[in-house]
Amino acid sequence: MIEFVCPIVMLMLIVAFGASFVRVVIGPSLPDRVVALDMAATIVVAIILTHCIQSGSSYYIPAAISIALLSFVGTVSLALYISKGGSS
Amino acid sequence: MEVLLAIVIGTLYTGGLYLMMRRNLIQLIIGLGLLSHGANLLIFTAGGLRQGGAPILAEGEKMFATVPADPLPQALILTAIVISFAVTAFALVLFLRTYQAVGTDDVDELKETDT
Amino acid sequence: MLCQPLEIESLYNVQMAKDEGLVIMQLFITNLLISMLWALLMGEVSVGSLTTGFVLGYVALVLLYPSTGKKSSYFQKTMQFIRFALFFTKELLISSYRVAKDVAKPLPLMRPGVIGIPLDAETDLEITMLANIISLTPGTLSLEVSPDRKTLYIHAMYVINPDDLRREIKDGLERRLLELLR
Amino acid sequence: MIREIGTSIFLILGGMLTLVAAVGVLRMPDLFLRMHAATKAGTVGVSSITIGVMIHFGTITVTSRGVLVIAFFLLTAPVAAHMIARAAYHSGVSLWLLTRIDEWKTHGEIGKEEE
Amino acid sequence: MTSLILRTATRYMFPPLLVFSVYLLLRGHHYPGGGFVGGLFAGSAFTLYALAFNVESARKLLRFDPRDITAVGLAVALASGIPALFSGYAFMTGTWWKVPIRPGVVIDVGSPLIFDIGVYLVVLGVLLTLVFSLGEEE
Amino acid sequence: MILLPVLPIIIPLAGAILCMLFRRNLALQRDLALSVSTLLLIVAVGLMAYTRDGTIAVLHVGGWEAPLGITLAVDMLSSVMLVLAGLLAVAVSVYACFDLDTPRVKFGFFPLMLILLMGVNGAFVTGDLFNLYVCFEVLLTASFILLALGGERPQLEGSIKYVALNLLSSALFLAGVGILYGMAGTLNMAELAVVVQQGERGGLVTMVAVMFMMAFGIKAGMFPLYFWLPASYPTPPAAVSALFSGLLTKVGVYSLIRVFTLIFCTDPEFLHTLILIGAGLTMLSGVLAAASHYEMRKILSVHIVSQIGYIVMGLGLFTHLALAGTIIYLAHNIIVKTNLFLVAGAVNRLKGTYDLHKLGGLYKERPGLSILFLISAMSLAGVPPLSGFFAKLTLIIAGLQQEAWLIVAVALIVSLLTLYSMTKIWAYVFWKPAPNELPDLNPMTPAAWFIFLLPMVGFTVITIGIGIFAGPVFDYAQSAAGQLMDPSGYINAVLGGGE
Amino acid sequence: MFTLLITCFFAAVLAPWVHRRVPKYAGALLALVPAAVFAWLIRQLPMVAHGHSVEQSFQWVEGLGLEFALRLDGLGLLFALLISGIGTLIIFYTQGYFKGHPQQGRFLMYTIAFMASMLGVVLANHLLVLFIFWELTSFTSYLLIGFNHEDEAARSAALQAMLVTVLGGLFLLAGMILMAQATGTWKLSEIVQRGAELQAHPHYLPILILICIGAFTKSAQFPFHFWLPNAMHAPTPASAYLHSSTMVKAGIYLLARLHPALGGTGEWGAILTTIGVATFLIGALMAIGQSVLKRLLAYSTVSALGAMVMLLGIGTSGAIQAMAAFVLAHALYKATLFMVAGGITHETGETSVDRLGGLRKAMPFSFTCAMLAGLSMGGVMPFFGFVAKEVWLHALGDYPLLLLATVAVGATYVLVGITVGWKPFAGQRPDGLHAHAVPISMRIGPLVLGLGSLFLAFFAGWIGHAIVEPAAAAIAAKDLEVHLHLWAGFNKYLLMGIGTVAIGLALYRTRPVLLKTGARLAGFARFGPDAAYRLILSSVLKFAAWQTRLLQTGTLRHYIRYAVLTTTALVAAAFIRAGGFQGLENLSPISTRIALVAVLMIAAAIFTVHSNSRLRSILSMGLVGYGMAMLFTFFGAPDLAMTQLVIETLTVILLALAFSHLPPFRHGSSMRTRGTDLAIAVGGGVVVMLLVLAALDVQTPTAVSDYYLEHSYKYAHGRNVVNVILVDFRALDTLGEITVLTIAALGASALLKLRQGKQEDKS
């Protein structure tokens, strides 16, 4: 069952990643792109977690935690950059 | 699969090289970034792709049951990633200082030392 | 000053009476210990055994603690917490569902707007938790706390009547949250 | 078997919600609306997948880490959204055409001066 | 300019981040992680603090000059290669000691672990040196 | 051999760490740098003595025998390079005490210099291809900073080109390493040599070899990849330029030699011919560029390029004698070029400029300094019986033996043009009367001046010494070249289980 | 001999010190050194005259076959005697010439060093040793010509002389090496015995040409003669020594020395005779029109050198004898004339003959010496010049044209002799020309040599037997008898000699006309070799500047282009050479998720490149990083995925921190530039792609990794093999890596702090 579900979910997630990707590309404003990138990071976490199930190994979870935490720090720094009037 | 990844690597190198030939310092940095991605992926691909598990021995086991991914390229890439991060960080500061000292970020204008 | 940095000692400046807080903490730790003991007794440290142990421990504490002659809000808080968690989970699910619906819907049906909510929450923790929970609940998203810390500006997807929305948040979310935290 | 079903349900739920969030980010007309989608559906989606993982492995280590992932997401997603929102607002990102009311603008002028 | 919400969130995220970094460091030999990622995490925690508050308070929180941390880390990493010499082995040969942490439980502590601690300190120091000095740039 | 081969790496590292810890005590840093350099020299001489009879000093770092861990292997070529690096370090440390501005020292000149040495030495001793990459990055990063540290416009502009091209080179290098690992499944150079020799698809290995040629070619400063060098080398203070000119490009050359004698010698018809063509173009292009400059450091810098051509020529000829010539040339060039930069620095210290048009009359004012310059300059030009003569002579004999007429003709013409450039400096700076009397900028006491000149005197003595004792020097070079031409000794020492 | 050379060099090094200690008598003291050499040589005379030679040899560079081998035979002795004898006198002369000059010590140093080098040239018995000393003479001559280094003309003359002679030296070196390879020995004494072998060798002609060019440049043969007159910027003692009697004869010496090995063939005769005659005539022709004393002498020297080459080219026994005798005669009179000319200029400050006159009263001594030398030069009885000319004419008996030329040129020698030896002293002294007698130290040299020209003629027989004969024998490599006579009887050659003198006198009469013609001839100098030298030098410099401008453009893009293009071209060449791929079969099947990620990565990379906004670019690169992380995840690399993500984010943070201080993208390149760049970049990308596929084509088992996987837990106590590699198997890499990190941070913070410090300084 899981062998069947995982690839489907994985494909959904990659499509989702593609959607965020498009938003990063089309913007239009800088915050839009940052939001999209943050979304992409979230999706990467989801993908990594799904891969954990698919491959049956839990070693990737720290990677998921890492990105969960660090994408936040990254987003904050970009947000602060925008707040300071940073241009694109 | 490898052919596909080779194309990705080629694209990354192409993009990196192209950006390094642009006139902005920042594009130079980004170019270096793409180049380093390309190099890492290259090591990964050339080292042989195994869709096996991670090279981590499970708790309580003494031997790998199935052949996992090749750990050596991974270690090499880790080192390379870190080095490229360090160098990128320094280059960034260098470019920042250059911009402040010279007053331009146009690489084409930075030619005083060559003449 | 707003950006006054805090010393590391004050990182957990939980706004509670000190002795009361200590008691709650003691009880919680006791509860945890009981749960671990249970897991060890069962010979299997797993999510299931620990949860069972915790529930058992809680029941035991509820039964045994009054016999010490003391009183604690631990039990009340725990129940409040559980209730809040359930409420929050429900809101989360609803909000996700709403988003799914909205994403599928034609756009012109939305009526977004930015409104300000007067705050009863005072401490940093209260304000932050409120803002976060607002962001995670359906149709609303926290934007900014006013510099005087009296107003929270939020973005809402469906602003039919701003005052209704304000009331809904103040009576629903803020009240429950402050109950739990105070 | 039950475990497997549970895992699958949470996995599918999570995948769908994440997809919804991403489509929302793509489709919604303005930044704030996009953030609604990303923050809520995204967080719930990834949390759901995490629960799936927790159920699948069922060990204490995986569960505790899963809890950690969820907790971090619940804590960070709204804060990040808030940071972007205020940054966007300050940098003058325009609201959607149909936005009805903007109290921040009317009230906020005073606050801005104070800063 | 900083946000109250961010500051509060940072205060609550900071200790877990540090703990997580140490976890990554210590478990790195057996599980994904290690000194490098661990150090980056510790550094990220301080970076977040510097972003949420300011560089000065982050420096105060750190107490040591990040450059000193770097140097000490490098020294630790280098020194981890030396114990082997006393036993007549080549430089950097792993030396392992059995350390009883509880009765009946003995863990292996080796010079590679010390090396990894050095890496952790270096990475922490480096990241903070970069972030602090860039953040202080006018 | 549990320690010796790794000492050239860890001694400077330890020194650098101490310097970093005592960030504020500049005097201590200076003393540390000097003592560490001296120690390095002693260690290098020790290694040289150890490897003198053809033994190869092998250390399996971490006790992991080759090809599992990183194996350090010091042969005669390595040890001579180590000795030269040590000499240079001592000289530059002494010189730097006088010539460097306080801000530069304050912001870490000495630790950076030591780290640079660590990288350089590491490149000389390592027997592992990826470790070589790491060593390159160490020395490159240190050099980036040393270059840019002045913060002046030319230094920054120069370092941008330097950084960009050297990072490009690193990317090529890394790609080469990755591909070679993919092909051979090992990173140990000795084992790579074995695998590549046995491999069936030598042609594809040649492709990788070209990548390495390019990567090292950029670092070595070969045509048409050298343009970062004239843009950057003349910009920092003389102590730094001297360090760079003496060591950095030479590491590139060393790596070329190492890799193209040990691993990629399956297709010399293609590869070594390419190297030979590159060598010719390099020496010609460099010397022509030198002829068109009127700034002391610039002339010296582009001459580095030209000299690289000579050094690489021996590798391109790929005979025993030619490699011996390359080794002598390498040693000669490190000493002489460094010395010329130091003298240029001394001139600048006196007169505040490197511009040939603005300088003059120094022969009258400073005969001692003039003679130091003249001897080194003539040695560079190949005037007998100084070191440069024997280096060139060996290469030319080797070239004529191979009937490589064209490269010999180029080499001879270039040596004439080198003479032209050197006499140009001599005529403008020392002979010509000063256009307007420039006062001594930094008056020094005679004692200080003497110590300041000491490194230069030392190098000059060595230049003459190599000429006079050309016999033993040549014998050493020939034995070293023998080790390179027949790498089986190296391979056996590394793979044979060591001690 | 070795000791002699060492002593000489040592004396040279000590000269400045000696001068400082005893400024007044430095010359006299130092002259003792060459005098001692001379004495030693005289003692060897009998032995050498009997056909023996003195040899000495030390190993120097065994591996190269380089021995420090010296050999004194007849030829060497002739030259060595001249070098040390005239050297003694010149050094003594210097004492007066440079009286009170602060740099006299330096001059003495150069001169003695030169002398030692020159001795080395004629004593060397090893090609390379000869070459080494040969180059040293060029180098010391550079220092001597440029002695008045504040004078621009002196510097450029010094450079010219050096470039020309060193250029020749390089040809010579190549020739010597080829010769050694052809004969299998470096030893001159052995090479001269292998003439036949050498002449049969396919490299014979190249060797001959290379060596001739070397000799011709040194000996100022046409078309390389131009440097010699220009070298007259040297102080007179140097000119007298180097440019008349010694250095310029090094080339002659070399040709003479190699005559047994190379000579006797048609090529040898043709080359040497042609060039020799041309030089002989051109030198004489140019001498006619000169009025500057030293240039006049210089051109006549050029001519004389041509004569020597010509005689060598003829190569008969007679010609060789004549050459040897002429070398001696020429050295004696030419050095004298130079020294006298130097004396005149020293005392009057005047350089042109035509502004001189009537000095006989003021400088009677110089007048005497000048007359002695002038007469010898003119070939008048009873001077040694006459003796030499007799033999010379004899030797040319079979060559009527050359005889004619010799008579004509001989007449110009007469003219020169009179112009230098008579003209300044005769007639009226021009107004304002002050003169004193030269000091004693400046008298000895001219006197000894002038008288030598006279007395040697009377001992011609003995000289012929003791000195000329061994030299000629060495040149010819066979025993021959030399009979020199002051009076050889009344024959046609005597008549010719007398005729020569007569024509010379007539020429002197018409000198004003000749000068005008000469001035007109000088106009042709624009097309002469001197002009060619300047043209070549300036063209080389122009070309150098052009190529430097062309390549070193200062634009980073161009440098990257060169690098990428070269790499692309060469790798592609290697690929074609390798014959493409052969076994790309064992590729893994394509999985959808990886294909999707790959496509997204390519798209992200393209957008990174294409974006015209820096932040968009950075964010897209972040997406590439995420893609990398996903690939790492799919292919079993959790550590990598984690690190990649963390680094990616941190890079973005650092960039965001730095961006506040950097401007947005402003500068675009033209469409065409971008197109070219893109094409080049694509080339680079394709090459890398090919390389990856090449790596996959050569799949080999990865033994190292298998060991790691098997043993990392057992021996390194770690389950995470990647981490074990990093901290144990390859910990040294990691140590290097953290060092890079450390200094990068150190450097970045230093750069930033430096600026802050600078701003504080300003305010």
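Note that the chains are named A, B, C, D, E, F and G in the order they appear, and that numbering of residues resets to 1 at the start of each chain.
FYI, a residue touches a chain if its C-beta (ideal position, glycine included) is under 8 Å from a C-beta of that chain, and two chains touch if they have at least 3 such contacts.
These numbers were taken from a predicted model, which means no experiment stands behind them.
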{"item": "Labels of chains that are neighbours to chain B and to chain C", "value": "E"}
{"item": "Nearest-to-centre chain - CA centroid comparison", "value": "F"}
{"item": "Centroid spacing, where centroids are CA-atom means, of chain F and chain G in whole angstrom", "value": "26"}
{"item": "Separation of mean Cα positions, chain F and chain C [Å, integer]", "value": "66"}
{"item": "Distance from chain G to chain D - Cα centre to Cα centre, in angstrom", "value": "79"}
{"item": "Separation of mean Cα positions, chain G and chain C [Å, integer]", "value": "90"}
{"item": "Per-residue overlap in chain E, given as positions that touch at least 2 other chains", "value": "1-3, 5-6, 9, 12-13, 20, 30-33, 36-37, 41, 44, 47, 67, 70-71, 74, 78, 81, 92, 94, 126, 130, 133-134, 137"}
{"item": "In chain F, residues with contacts to at least two other chains", "value": "6, 13, 20, 61-62, 130, 134, 137, 141, 144-145, 148, 151, 160-161, 164, 168, 175, 178-179, 182-183, 187, 227, 230-231"}
{"item": "Contacts with 2+ other chains: residues of chain A", "value": "10, 15, 17, 30, 34, 55, 59-60, 62-63, 65-66, 69-70, 72-73, 76-78, 80, 83-84"}
{"item": "Contact pairs between chains, per stated definition", "value": "A-B, A-D, A-E, A-G, B-E, B-F, B-G, C-D, C-E, D-E, E-F, E-G, F-G"}
{"item": "Touching residues (chain side chain G, partner chain B) in the complex", "value": "549, 552-557, 560-561, 564, 587-591, 594-595, 598, 601-602, 605-606, 608-609, 614, 617-618, 621, 624-625, 628, 631-632, 634-640, 643-644, 647, 650-651, 654-655, 658-659, 661-663, 665-669, 677-678, 680-682, 684-686, 688-689, 691-693, 695-696, 699, 702, 704-705, 708-710, 712-714, 719-722, 725-726, 729-730, 733-734, 737-738, 740-741, 744-745, 747-748, 751-752, 754-755"}
{"item": "List of chain B residues in touch with chain A within their complex", "value": "53-54, 56"}
{"item": "Partner chain E, residues of chain F touching it in the complex", "value": "1-3, 6, 10, 13-14, 17, 20-21, 23, 59-63"}
{"item": "Interface residues, chain E side, partner chain A - complex", "value": "1-2, 6, 13, 17, 20, 24, 31-33, 37, 41, 44, 47-48, 51-52"}
{"item": "Residue numbers on chain C that touch chain D, as the complex places them", "value": "45-48, 50, 92-93, 95-96, 98-100, 102-103, 107-108, 110-116, 128, 131-136, 138-139, 141-144, 146-148, 151, 153, 155, 157, 159, 162"}
